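In what follows, a single structure is set out as structure tokens and then discussed.
We call the chains A, B, C, D and E, going by the order they appear; numbering starts again at 1 in every chain.
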């Protein structure tokens, strides 16, 4: 399987725009996923009986083949980026919800108690104590969700979207490995870079974990 | 919508749809075969790897990053690539599914190993256990719950993704999804999707039940 | 040169009744010939001063037709027979003229087909030279002699289509040993034919591989397979005179042989569909 | 003043943690709660700031029923030092201390300034304020916990085994500091421990609990040591009860005489009159530990046993010899301490 | 016998944990290692069974250089009791104890039988053997830890703060048990603690370390208390050093006389000659704590202070009064204990 470098040279613009579009889809999905999973995780964390249910639902959603999700969404959101993003968001929930709940669980009871005993009210405790302390575990989830989303964007080629995934269909149709290889390599590169960025973000957000003995 | 779900019910419950080489029973068996085999292969790769880095504490950084790298592999791209390289066979499907499952298994195995209380590991050495005895008699049993979690996670992902086999002409429940799409049979698409989800969830429940049974003596 | 473009976040705006002023979004299915056609449409429309955008790789009709209705896309290069089969599966018109009439009748509100072009791309059933020799196959009728022995490979929908397993059985009495769901004239079905995993493959007549690999196209003495002229499927909202005229020109110029050659440039020479289409349009004074 | 009246706490799972407790904790004094594990000390403490709600009975702080007050506000007005510090790992030491002032809306600047001040009060450097809790030793973390509880200058301080996790040397330091702070600030302190020595050292009164949440005895340390209410209390206080009582009395009133001269052992002084050691006629030397008026009778007894003559060298604040006290005098005062305690009980 | 010769341990990160240590730990005796946190006690202990390898110097157990032996086999021949037990959470108590016999290839049956026996030795019921460690209390877990270390009947036992995590009452029980076991089995024991009282109680010799891994002094408890090598040791042993020494001496040799009659206070006995309390002429009663010959001088001194007459009631094994001992006699013997210790040092 040889790589046709001239093809790559001729298509740098396309590759760039596909990469950006790919990234945008994945990031939007993760962002929405975080937005949805944070409140749900708080509910799952606080109300034990709902935990199994919520995690179960996110699990089931995760197992639905993407094409089926797209087909169901088409009447609603059409052939748009929205459809792609909704599909991806659904998949991120399984990781984000679980990790956020685990993150909240991992906050030492002692510390929460301390906050309560100082006279901090529940909402403030949540925002200033529980979330910051759960951050490492939540961020671990965000990292996995991001990498996963980036790898999953390509399934949206079924609806003409899918960023770098278009290269797979193209190469497949024409029995032409170069675009496929380019697509795979760029996807991984994107994931690695995004992951590294998130590590950096986490480093900035959690100053208290920097100089662990 | 209501009509759709009613038809879905009929599709799922009609006996005719269950039998034959194109029947649900057969497709289900194929799907299970792909998923279990892929997970098994992934376990054969990921478990020793995770145990090794967990036991020696060496190579963790590389392994964890490789795992994350593995997670980033786009399944469709991988299938197409292996197909273009090697032609039409189940190989592309297995390569993609195994690549999908290995990261979850490695990271969870490793996490399980690092979660073993160092005091206990120390105690094992202190009683005169050799390296492999520490690994198999102490670390592995203690890491097992997390390892099982990793296997479950991997299996769910594999079951959900094994529909890809139909993309390259093979069987499994993905057949319904792709055929239904081509034949404009929405009921069939959804039927396939529902079956995949049910299989995934059922396997997960089964394994979590098994896990609970096996580790019923452990504390929370 | 852009072979593949990303889906931009904005869909097309649907201008008022029958005006292309707001621009036209052309969709194409996810195989190369359709993409080439899409870019050809784009080239001629652009020449006519219409703003165009192409959204390639849009999967099956199940996805594309609703998108056309909803306004995500406005124009689609289609094939008479296949489209008719999609819209009116029971209709068995076989002549281009009657098919065009049938299509007009079956058209959902808001959509219309424009006059069909001279280029055609029909379904065909091919076997390898070796298989043809071994079983003495030259026509579709010959297949019936090997009933229960041969494996056919085709896109999944062919199994339940008249121009497919059903028609072959009804018209020629052919029964296959097995139907393998592969793709629509793509690498799967061709690969399977080459490897011998299938004996009979459903391809398109414009496929350059048929000649390249010396495959035998089985003839259709009983006219089961309608010829499929290429026909623009368009939403009423953009179908103004400018658009109609421009599309009519390409329809009149492009021949089946030329289309086959364009396919070859894309599939074999790995040229971008867009470049191939633009070059052709320029050479023929269409752009 | 904190007043418990017929307070009962039964947890939903059926455990009775506190049984019909009536107890007064005087204003500006230290009340120590002791008892074996699970006897309800923590529960009692936590009912004061409503971290736990009593099943029945009333608790009044400064005369006001706690249940009539907003829980969060009540808590801001009561300092709480939690077992093993319970610091916020994600906030710097300074921000940890500033927690309550910030909650009270004092503004970041003012809260930080107050925190910096308190840092000094508990004996930590300004540099430590910038660190995160995990970068401090156990003893330093405890100090931060105390500083945090003091930050809003609350009249009441609850301390739940605050010095449990540190080694004995640091523990003694922390106790000294607490006694010093208490003298300065005279808070009403409720202190939980299961270390009897700590209780005797810190408490103005000691409340002993028995499993099941029963208050067995509440009295001053001296009374308790002299007259334990029953065998449980006696056992709890330990075998050396008699000696422990002596740790509560100082040498101040015990008479002293001149150091012996020309006998078997002489006390050698340096030029500044500071005792150096005991010397025997045949040249042997034995170390001496001179005691001040503020030292306890227990220390005196200890020294008199170690001393070859049975005499204890006493010095003034500058370390100059003022005289010696005999073992008999020490014992007389020890006996007196015991009878006083017995009478008081 | 365990012999350290010029042993040095520097960790890869540059910390010197043990500095040039030469130390003899006698056969069949208990050597206690004490010192503040981080002074190298654990490292010293772990070099004996090669859990840590020395940087230089040699360590011999029973005359044989440990580095010449297979590490795993060496460890099987040395019992190791780890801080907070370090039990295997996934194995039953019985299987925990059977670990080493199984490693030695004793066969499951024999190993379990041995384990069941040891369970009894450390005072646990057979029922406890079937449980998992987390189903036991802290004290019970410690017992299992000891049983596990004893399972292969090793001549040497290493114990690293084995009783650190349990409350004082259970701790005393465990210490008693260890002393009893030691009498029965006479192992060579190396015991790490940072509790001076525990060291004095258990040690035949005590080695005091200072931060940086320096051995400061190694001597018998009595010598140590009487003659601390320097201020560090003196401070470490604590203020009541003189009194602690008395806890090492029993009343056995101290003379006794008849109980006083017709004076201010009389000792009231019951029909079986057991002391009940002191009674004064005007009807006051003060409790008495009668002492046996095996009780310590410290207990005697404590009682003599609490007693209104300064006299200690002494009884035989059955609890019958044998006589009384005066405070002076106690002091005389206490003084004697101190001079003996001083001479020995």
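Worth pointing out:
The rule we apply is simple: a contact is a pair of C-beta atoms (placed from the backbone, for glycine too) under 8 Å apart; a residue touches a chain by one contact, two chains touch by 3 or more.
Since the model is a prediction, treat every value here as computed from it, not as a measurement.
Common neighbours of subunit B and subunit D, by the contact definition above: A, E. Looking at subunit A and subunit D, no chain is in contact with each of them. Centroid distances built from C-alpha atoms place D farthest away from subunit B.
Taking B-E and A-B together, the chain pair joined by more C-beta contacts is A-B. Spacing of subunit A relative to subunit B, judged by their CA centroids, is 20 angstrom.
Distance from the subunit A centre to the subunit C centre is 37 Å, each centre being the mean of its Cα atoms. Rounded to whole angstrom, the centroid-to-centroid distance between subunit B and subunit C, based on C-alpha atoms, equals 39 Å. Once the centre of each chain is set as its mean CA position, subunit C and subunit E turn out to be 92 Å apart.
The set of subunit D residues that touch two or more partner chains is empty. Listed for subunit C are residues 62, 187, each touching two or more other chains. Residues of subunit B in contact with two or more other chains: 83-84, 178, 181, 186. A complete list of chain pairs in contact reads A-B, A-C, A-D, B-C, B-E, D-E. Across the interface of their complex, subunit E is touched by residues 117, 119-120, 122-130, 133, 138, 141-142, 217-219 of subunit B.
Across the complex, subunit E meets subunit B through its residues 49, 51, 72-77, 80, 82-84, 86-90, 99-100, 103, 132, 134, 148.
The residues of subunit D lying in touch with subunit E in their complex are 36-37, 167-169, 194-195, 239-243, 245-246, 286, 298-299, 301-303, 305-306, 308, 310, 327, 331, 334-335, 338-339, 342.
Partner subunit A is touched in their complex by these residues of subunit B: 68-69, 71-78, 80-81, 83-85, 156-157, 159-160, 163, 174, 177-178, 181, 186, 189-190, 192-193, 196-197, 200-201, 204.
Contacts from subunit A toward subunit C in the complex involve residues 4, 7, 10-11, 13-14, 17-18, 20-21, 70-71, 74-75, 78-81, 157-161, 163, 166-167, 169-170, 172-176, 178-179.
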